[in-house]
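The structure that follows is given in the form of structure tokens.
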Amino acid sequence: MDPSWLPPTVIAIPLIGACLVLALAQHTPRLVVDVAALVTALFTVAGGAVLLVVVGAGRVVTRVGGWTPQIGIVLVADPIGTALALLAAILTACALLYTWRYFDSAEAHVHVLLLLFLAGMVGFALTADLFDLFVFFELMGAAAYALTGHKIEEPQAVHGGFAFGVVNSLGAYFSLTGIALLYARTGRLGLAPLGAALTGRGADVLVLAAMVLVLTGLLVKAAIVPFHFWLADAHAVAPSPVCALFSGVMAPLGLYGVVRVYVTVFGAAVPAVVAHRTLVGLGVVTAGLGAVMCLAQRHLKRMLAYSTIAHLGLFLVGMATLSGQGMAGSMVYLLGHAGVKGALFLLVGLLLARHGNVDEVGLHGRGRADGVARWLFVLAALALAGLPPFGTGLGKAISEEAAERWWLVGIFVLVSAATGGAALRAGLRVHFGLGKPPTDADPDTTSGEDEAQEGRFPARIPMTMVVPVVVLLVGAVAIGVVPAVADRLAEGGRLFVDQAGYLEAVTHGAAATQTPAPARWWTLSGVALGVLSTALAVTLALLAVHGRFGWLGRLLDTPLRTLHRAHSGHVGDYVAWLLGGVAVLSGLLILPALP
Amino acid sequence: MSRRLRLVVFGLGVSGIGVVFVLAALLIPRFGGGDHPYRDLAVPAAVARSAPNVVSALNFDQRALDTLGEETILLASVVGAAALLRPTTSEHERSIVAEDRILSATTLLGYLLLPVTLLVGLDVVAHGHLTPGGGFQGGVVLATGLHLLYVAGSYSTLVRLRPLTWYGIAEALGAGAFAVLGVSGLVAAGGFLVNMLPYGRFGDLFSAGTVPLLNLAVGCEVASGVIVLLAQFLAQALTVRATR
Amino acid sequence: MMYWVLLGLGCVVTVSCTVAATLTGDLYRRLHLLTPVTSLGAPLVGLTVALANGLSLVTGLVLLTVALLMVSGPVLGSAIGHCAAARDGSIQAGSSS
Amino acid sequence: MTQWTVAAMVLMGGGLAPALWLASRGTAVCRLIGLQLVSSVSVLVLLVLVQAIGQPSYLIVPLVLALLSFAGTLVFARLLRSAP
Amino acid sequence: MNMLVMLGFALVAAMGTAVVFTGEPERQAVTLSAYGLSLTVLFILVQAPDVALSQVAVGTAVVPLMVMLAVRKVRGRRE
Amino acid sequence: MNMFPYLVGGWLLLVGCLGVVRSRDLVHTVVCVSVAQSGTYVLLVAVGYQSGAAAPVQGEGTPVPGPVVDPVVQALTLTDIVVSATVTALLLGLVIQIAKLHGTVDPDRLNDLRG
């Protein structure tokens, strides 16, 4: 049977479900709304899973409305896009389960917004049309701004939502400008027709400028330095289950978009070496800055947010190899990270629900009685550092192998150790009361003291909040121990970087040639590097907890303070950096690519 | 950052982008030129489906998925604005609003123009596939027409004549109807958002297949959505106050 | 030929009122200069368009548009005047006149 | 170049441009007067332009503009009234 | 005709700049409305009546109403 | 003269950004964002224009012969306008809440998200 009906169905399910929930919400009790929303998300998960099976190691091409790719919009489901859509659906289901008892407000706003957000993410992952990509980008954005600011009784929440909204929207408008420039040159909008039109003509300033502009919006979504400022603000203030979605899949979708657009549209026109060099550079800077800022935080959600930035940088380094293996490694890493980081955000959400506080200092020792949650926190922190057999460890190992150069491997180890160490430090302090509570407070950082409590709970933690955490961690392990995942993603990665095959599939619907990609699995060096970064993380955390970094703190005081100052929460600053970033990106991508 | 530093960073960025953009603009085909490959494909396709308004045909047939996304964005932001502007626990809604009195001539004319505006709005929705306009434009005109009750009359009149719950449901159903029409294309004609109805005669009201139906769904959604959206803003500005 | 005289008159009225409104500094005088545009310029232009099209649906639409302008112009003028006065404090905000 | 085009040119250059200038200077009420002038003049410009282009189906635009600018101007007349 | 189109573009550019450089939100809202009208004229000039109609629908009443209500609410807080 | 319309589009986008950067009031910021977006409409319709071509709305009779201007960019611009209105609404909603909670809408005085 022709499977082309599946991709649009997976987009339509959450959409229709959201409309249904919205219509129901006016007159029915809360329980019905909760169930309807969760069932919709589960249906989307099922749809995504079926699609993933059907896609196999090939592509499913859907011509929406029956139009040819030159006139209409085409959806292309390949293993990587589908995996991301499925990930989005799973995380949304977890978030909905977690919110079952989480929000007081009886209205179904959160449910509807989460489902529409899901529709946007699925559409973004499956579409093969540049303008449609922008539409789904904006759909994700619109839902995300509202979700970020949802805690309207909290000053930081609305402020973070606003900064997020402005920066992301402007990024999107830059992308749209790029789309207009491309359209002016080629008169096409589909990714494949665009790629075909640009093939063999070489790149002039118009095409290169269009590329820079289109990539800008996607890089903003992906929170790559210097477009990353919004992420920490938004993640620090959004409801925790929403953060799990933002970190786990929304920001990575930005990276997916960057590589997807580069490969399919500009792959033949712009030399790969230029793109590779620029993207690796951006990735390294992002990873480094994220790691440093992550270590310097005391607000737990901000810390996790910077750790996400650091990991996004690492994913970009992996993807920027523009090889099947790098792509596969980044994808395994990304999926494992989504599970681990999602679990961490939900655990911080538990702390917030129980103690009304997400400050590492203020919570010192207060999480001792949290039963199973405290062990889960430590486990997740270790997994974040790349502990085998978690998916993060496997992904890191494959990416390191793909990155080839020794100094890049070093960056992978150090950055993952730093982020894992920061999370572990917080876990040890909060849940085990190790060390003395530090007293110094930098006036230029945000503490987590005045965070508004999310929901009100009795002393016992409800099961609906623990189950998603366990599900996410088990998922992260599964990615690392089920060989089929890595195998499938290895094939997906090979397909992903194959521009000619993509063009062929879209225009002629030809099935992908089935040359199996070399399997990627744990290697001895991969396990060793994973254990090494975990050990580094543990050392770092123990030293930090026992205050052995006083001298380092004093040494780094001035630069750290400058860094803190730069992350000012000021929308104008962020937009100024955005413009500066576009100029730098232009310099990096345009000058070397010109003939 | 200080204001000066911010402007410096911005200035450097803008000068870089400006140079690139000007260089790129020099290479864009001449303004007003005739090279539009997509157009050359889209126009005959629309004419073949009896849709004189090619823009509508593009929006509701050839690139209908974009419009589905667009209407979903509208839905998301209406729900989002409702979530952001809901009264918090420390606020209450006043029942009586002190209002400025409006000149009676203004009120009279406003109430006279109300039905005219609604009729024009309906016309814009219904002829979306024939003449300029469509579901979105008509929907906004309808919603604006209803708000003549406020700008020319009084807030209490508007509130009395505006059952918000029903508009909320209508908005959800309108947006849902678009997606459901898409899925029924899947069931009936084997493809999502396939234009499955007979195309009719060029220029007829009932022509161009599903385009008028989709227009109607969008009109319903947009009109109700904009009304719900403006209701949140009106309530915030006029009735929601902090409880002391 | 008569069309063009009418059209020219309409344009002249509109342009001269707009330019005069730009030149005067006084708010209320500027407000008064709004009226000729809608009650003289609009019908002249509308009439020309209507004459050029003959008796048809198009003419109906044009005349409807012009009629709307003519009716709403003075009402809006007074509403703006009222608003200006309320802001100046020459009448109390909230009072009806 | 037909007379309609000339008229559109005159109305845009001599009417619309100064009106837009008025709508972007001075206090809010000054600008509101400018705005009212802009909407009247732009309806006229549109009428003439439609004639110049020769597409009667465009006439819906000036019609909707005339209708909605009533609501639009009243929005300001109403909400600007309470002095800052 | 081409001259008219160019004049339309010039007016739009000037008005957009004027909107940005009006700092006070109430005044800016009025100018924004006028900017919307200049965009409408431009869209008709470049033969885009659908777009012009959208711009009229959104720009004349709905967006100004939202902006003005937001200004009013924000003002009310400040006092 | 040939590229003037494209430059207008780019100018509006950048001047909107400038407005955001130097804004002292968040409502002003939101309006500047919408001006920046209007740059994209202008650029799009400019790209699709063809001198002397008819509109892509062919009236209620039979199809008109001769070229029409590009309808695709107009369809895109329609979507863009909807996006603009909705983003403006959302951002204004956030500004209202910022004003309530912070007591100010001056971005220079909002300083609770640092580091």
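Each chain carries a letter (A, B, C, D, E and F) given by its place in the written order, and its residues are counted from 1.
Everything that follows uses one rule, which is that a residue touches a chain if its C-beta (ideal position, glycine included) is under 8 Å from a C-beta of that chain, and two chains touch if they have at least 3 such contacts.
Predicted, not measured: the structure shown is a model, and the values here were computed from it.
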item: Neighbouring chains common to chain E and chain F, by label; value: B, D
item: Count of contact steps on the shortest path from chain D to chain F; value: 1
item: Contact-richer chain pair (by C-beta pairs counted) among A-F and B-C; value: A-F
item: Most widely separated chain from chain A, with each centre as the mean of CA atoms; value: C
item: Chain closest to the middle [Cα centroid of all protein chains]; value: F
item: Chain C-chain D separation of Cα centroids, rounded to whole Å; value: 10
item: Mean-CA-position distance for chain E and chain B (Å); value: 17
item: Chain B and chain D: spacing of chain centres that average the CA atoms, whole Å; value: 22
item: Contacts with 2+ other chains: residues of chain A; value: 131, 135, 138, 142, 145-146, 149, 152-153, 158, 161, 181, 183-184, 189, 565, 568, 570, 572, 575-576, 578-579
item: Contacts with two or more other chains, residues of chain B listed in rising order; value: 6-7, 10, 14, 17, 21, 26, 28, 32, 36, 38-39, 42, 53, 55, 63, 66, 69-70, 73, 76-77, 80-81, 84, 100, 102, 106, 109, 113, 124, 131-134, 136-137, 141, 144, 147, 151, 229, 233, 236
item: Multi-partner residues of chain F (each touching 2 or more other chains); value: 4-6, 10, 14, 17-18, 21-23, 30, 39, 46-49, 51-57, 59-60, 68-69, 72, 74, 76, 78-79, 82-83, 86-87, 89-90, 92-97, 100, 108
item: Set of all touching chain pairs, with the criterion as stated earlier; value: A-B, A-F, B-C, B-D, B-E, B-F, C-D, D-E, D-F, E-F
item: For the chain B and chain A complex, residues of the former touching the latter; value: 1, 6-7, 9-10, 12-17, 20-21, 23-24, 26-29, 35-39, 41-42, 45, 61-66, 68-70, 72-73, 75-77, 79-84, 86, 88-90, 165, 168-169, 171-173, 175-176, 179-180, 182-183, 185-186, 189-195
item: Of chain C, residues touching chain B in the complex; value: 68, 71-72, 75, 78-79, 82, 86, 93-97
item: Parts of chain F lying in touch with chain B, wherever the complex brings them together; value: 2-7, 10, 14, 17-18, 21-22, 46-53, 55-63, 67-72, 74-76, 78-79, 82-83, 86-87, 89-90, 92-94, 96-97, 100, 108
item: Parts of chain B lying in touch with chain F, wherever the complex brings them together; value: 3, 6-7, 10, 14, 17-18, 21-22, 25-26, 28, 30-34, 36, 38-39, 42-43, 46-47, 52-55, 57-59, 63, 66-67, 69-71, 73-74, 76-78, 80-81, 84-85, 130-132, 134, 136, 202-203, 229, 232-233, 236, 242
item: Chain D residues touching chain F - in the complex, by the definition given at the top; value: 53, 55-58
